[in-house]
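Multiple structures are listed underneath, in structure tokens.
Look at the two complexes coming up: subunit A is in both, with subunit B in one and subunit C in the other.
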Partner chain A sequence: MGENLKLPYWFFGIALVLGATLLVSDPYVASVVNIVSIAALIAVSLRFVMLIGELNFATAAFVGIGAYTAGSAITILEWPFLVALVLGGIVAALVSIVFGYITLRTKGPYFLLIGFAFTEAVRIVYSKSMVLGGNSGMVGIFPPIAFDPWMPTFVMAVVALMIFGLYLLERSDFGKILTAIRDNEDVARTVGLNILFVKIACFAIASFAAGMAGSLHAVTNNVISPGDFSFLLAAFALAYVKVGGEDNIVGPLVGAVLLVVLGSYALGLGGHEHIFYGAAVILAVLLMPEGITGLLRRGRDRLMGKGKRHAA
Partner chain B sequence: MQIAIQLILTSLQIGAVYILFSLGLTIIFGVMRIVNFAHGHLFAVSALVVATVVSWLAARGFPVLPAYLLAVVAGVAVSMALGYVMYVFGFKYFQRDMVGSFILSIGLVLLLDGILLEIFGGAVRPVPEILPGNAEILGASVTIQRLFLCAMAILITAILYWALTKTKLGKALRAVSLDHEAAMLQGVPYNRMALAGFMIAAALAALAGALIAPISIVTPVIGADYLIKGFIAVIVGGLGSIPGAILGALFVAAIETFGGFYLDPTSATIAIFVLVIVVLLVRPKGLLGHG
Partner chain C sequence: MQHEGKEALLRTEGLTRRFGGLVAVSDVDFDILPGEILGLIGPNGAGKSTTFNLISGFYKPSAGKLTVFGENCTGKSPLTISRMGLVRTFQHGSLMPSMSVRDNILLGTIHGVRGAGKRRERAAETAEMLGLTPYLSEEAGTLPHGIQRLVSIGIAFAARPRLLCLDEPLTGLNQTEVANTLAVLEKIRDEHGCSVLLVEHNMKAVMKVCDRIVVLHHGQVLASGTPAEIRADKSVIEAYLGHRHAN
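Let's turn to the complex of A and B:
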């Protein structure tokens, strides 16, 4: 197991991006870096549930739950910053366990659509809750002053840690069970695995990551509102996964970096964000079903004369 | 009593639109096993075209009723053309691929959202009153326009039901949705059936949009709300089931109306969500679902 983890690449990569964030001084660049990091974490969380073969549109709801939890902990309860941040992830995971216990008995389109409905229902709760600021949302969610200059580095470090953790889980025996469930749930059941329990565990882990992404969103954006957490958030995350490629954890990272950077460039040109993302998704699914990383891998294999790779 | 009748009538009006919507979703799912989130945009395009054409013709001195009928033809035509393009260049390649088709439809949602906003703008489009006046039913008052909408929805549903049970095309569609391989072995041309199913669904959405335009606030995002309710209706009823879609749509409409009256609209929306959870706990494939 250990020799296959490509750990030197990971450590070098994480050190490189963290070093790069230290050079960021322009506030606009810093905000783009934060958005990229958070988008990457959400995309990786979405992909983690895809390992069991389900599309988890409730991701948007859990990002929202994390953001609102961290927001209330900081502005209303005045809890310490780091505690509030982690609390966002924990609350999202707890809610997801209850939600998953009920909904993970369903599969495919039912699970997808129920997640979609959940996202919209949760959003209505925020907008009607006066404590959470109703439709206009919560303001003034600031990190401590001392953190301010280091924010991009801090966000990137938390995100890198979470993604690395999810990567290790995917490559562990637990990850193999997840893909076994995706390939054939009944076969996995016959060897005595508690499928529902494994699915809930996978869902809760992904939701913890989504909740952390929400916390980070709240403290970097300082303002959150119900409109930030519509199903479009999950749709964008899906775009990152699909454009980057879902076979490998690097795919969502490539997709998030590419689309967020191009997207903020397109916004600068006055273009429509929606048209841009929509066109990107359509072209990606029609022209390169395995995403950019899939194309790169196939190109590399052809160059090296390996011929066709066997489907994993 | 009068309140109850009024509420039942309101549920039926809302339910009528949900039925047209969820019938389309369930037919597409049954025949092609795909989830199409862009379905709401077929509805929105039709409503927007109707609103634009009616205002344009009315401003040039056309009588309202013929203007509306012309507009309906135009709206349904544009919407079905869009549906055809969606199928031929997109969904055709993603049949029986739930994840792939869903992702494609999300791309279409984003793209069409942007394009509709660009063409029609975000402003609300008023549509002049087509059939003025009110009617009294058992002491409850309804506008003629809403009554017309209900009557049309019932008529369309009845025709569809007849077509699915009695005509050759309908029987072939149902055979494909039960077991597409067995149907193909009997000589049913699957690809043609998939296109037919998709276009019937597009026509239902387009008609719903054209009917709703005079009695609703028409904006480019009008489809989103109906799409959510339509999907909830088909989950409750069971994906792929025609009676399930009708039952689910009436359920959702009744909860929305009664909950909205006795509690408030927010609680009603949450009540609908709770209903879905309860149904899925008892029957993970919906009330009348089988596949």
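Let's turn to the complex of A and C:
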């Protein structure tokens, strides 16, 4: 690869957050840490498909597929915890390959609408399925007791690993093809690149991450129901990406942390946390079109003098 | 059809494309030979772009045959044809504006070159040849038009095609930039043995750089030959070059 991957920052950052989770003893804080980690992974998954220029509202469906797969594997099949967890990601990726093969020939609003429709259709399937618990969903999706005290650290570690993997992919030559597709698909095609194949690969990788987020949601929440996986999930993820900034993989992380923490604070006040998402998105779009990370980068550029923006 | 013992890289036979009732390209025959720069010229609406899209697989012919590197490629997809070694550019915005020049050129190497290090070597070499080295870290979309045009050629040539097809690469360039681009095309031909199909409006440039020229008019081949032959061709002068050139 040869490019500056900023690995020391990554290792330091991951060590820092993992270390911090070890200090968490309060169950409420632990649950917020889990929710933040999972939200961050969903947002990063959504952003990964944004690299090819598409808004993937089916992200919510793949989170749901991961959650229901892990839930079924643990409660019905009684498979080992880690196997069930990874299975959620794999099944989501496999379904997404079929879905992507059919739908990735469309673009823009059409692709978005198909993703939206798919998410709602899959949700109806859960609610009609007796095996999956219908409208009330599945209960009793527990990790092994030995995992219990380490859950926030475990969830954070899995999420960090996935996000780091997606970062490496984005910075690889494969990632450059993704950006090229967003910028100018025709040119990429003329130099021998199979665009549909690359799009499906991108989609499947993102869906694996979304499925893993679903698995983690199932085992940390212990209860899942169809309502958890409506298109709103994707809309929130989009808010994390837009508020945090989409230029950089750190953006969705910042957005997820900020909005989830704000949201839980609002819940504590007895307010509707959705108002915060709405307000944050409006403020972000009006005041910081490149998100928080974009604003910080511009501030840094100004401090260090102009002309260094493209140096990386 | 053989030309002095050289097998054609590309051959069209009776190539025709209709759009509803409109016949955009009708019964077009021509060859591109190894190591030549072939100019495809003609007034607006003569069928140049359609022909260009037909040979790169972006349009399917309504009739006729397309042979590329000795293989029948009639109706083959753009991907298949580009992977065989026929790489094209587009008239407008033939690059990735948000990516650096380095990454733009790198994109051209990904399919053909194994290994990240070798790809970077190839990209650097290509940039050097096109004089783009000073711009490698710049965002392609922010560069002057003339440089962007060179980047487009760079992306395509980084794939090291056997036949490079350029769609009006000189449009909007000043004299220095035109001379510079023509020198690049000659280098591509002479140093790499790559043939070039040049669809172009700039007559002076076409006459200067092309080994042979095919003139399209109303979707048909009006004439073909060396620049000297084309310059002397009465029908071409009437149809296309106009009185100023005729005198």
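As a convention for this text, the second predicted complex is superposed on the first by the 303 of 312 C-alpha atoms of A that agree within 3 Å, B and C clash if a C-alpha of one lies under 4 Å from a C-alpha of the other, contacts with A are read in each partner's own complex, and residues count from 1 in each chain.
Here is the rule we go by: a contact is a pair of C-beta atoms (placed from the backbone, for glycine too) under 8 Å apart; a residue touches a chain by one contact, two chains touch by 3 or more.
Only a predicted model underlies this, so the values are computations on that prediction, with no experimental measurement involved.
Participant: Between subunit B (first) and subunit C (second), which does A:154 come into contact with in this model arrangement: first, second, both, or neither?
Facilitator: neither
Participant: Contact-wise, after the overlay, does A:173 reach subunit B, subunit C, both or neither (first, second, both, neither)?
Facilitator: The second partner, subunit C, only.
Participant: Per the contact definition in the header, classify A:183: touching subunit B only (first), subunit C only (second), both, or neither.
Facilitator: The second partner, subunit C, only.
Participant: If you tally the residues of subunit A touched by each partner, is the higher count for subunit B or for subunit C?
Facilitator: More residues of subunit A are touched by B.
Participant: Report for A:281: first if it touches subunit B alone, second if subunit C alone, otherwise both or neither.
Facilitator: first
Participant: Considering only touches as defined above, state whether A:48 meets subunit B (first), subunit C (second), both or neither.
Facilitator: Neither subunit B nor subunit C is touched by A:48.
Participant: Does the superposition put A:105 against subunit B (first), subunit C (second), both, or neither?
Facilitator: first
Participant: Of the partners subunit B and subunit C, which touch A:203 in the superposed model: first, second, both, neither?
Facilitator: So A:203 meets neither subunit B nor subunit C here.
Participant: Look at A:126 in the shared chain and tell me whether it touches subunit B only, subunit C only, both, or neither; answer first, second, both or neither.
Facilitator: neither
Participant: Touching subunit A in the complex: which residues of subunit B?
Facilitator: Per the stated touch rule, the residues are 29, 35, 89-90, 93-94, 98-100, 102-104, 106-115, 117-118, 228, 231-232, 235, 239, 266, 269-270, 273, 276-277, 280-281, 284-286.
Participant: Show which residues of subunit A lie in contact with subunit C when the two form their complex.
Facilitator: Touch list, subunit A to subunit C: 1-2, 172-173, 176-177, 179-180, 182-184, 186-195, 310-311.
Participant: Given the complex with subunit B, which residues does subunit A contribute to the contact?
Facilitator: Touch residues, subunit A against subunit B: 55, 102-103, 105-110, 112-114, 116-118, 120-121, 124-125, 128, 232, 235, 238-239, 242, 272-282, 284-286, 289.
Participant: Which positions of subunit C touch subunit A when the two form their complex?
Facilitator: So the residues of subunit C in touch with subunit A come to 56, 78-79, 82-83, 87-90, 93-100, 103, 106-108, 110-112, 116-117, 119-120, 137-139, 152, 155-156, 158-159.
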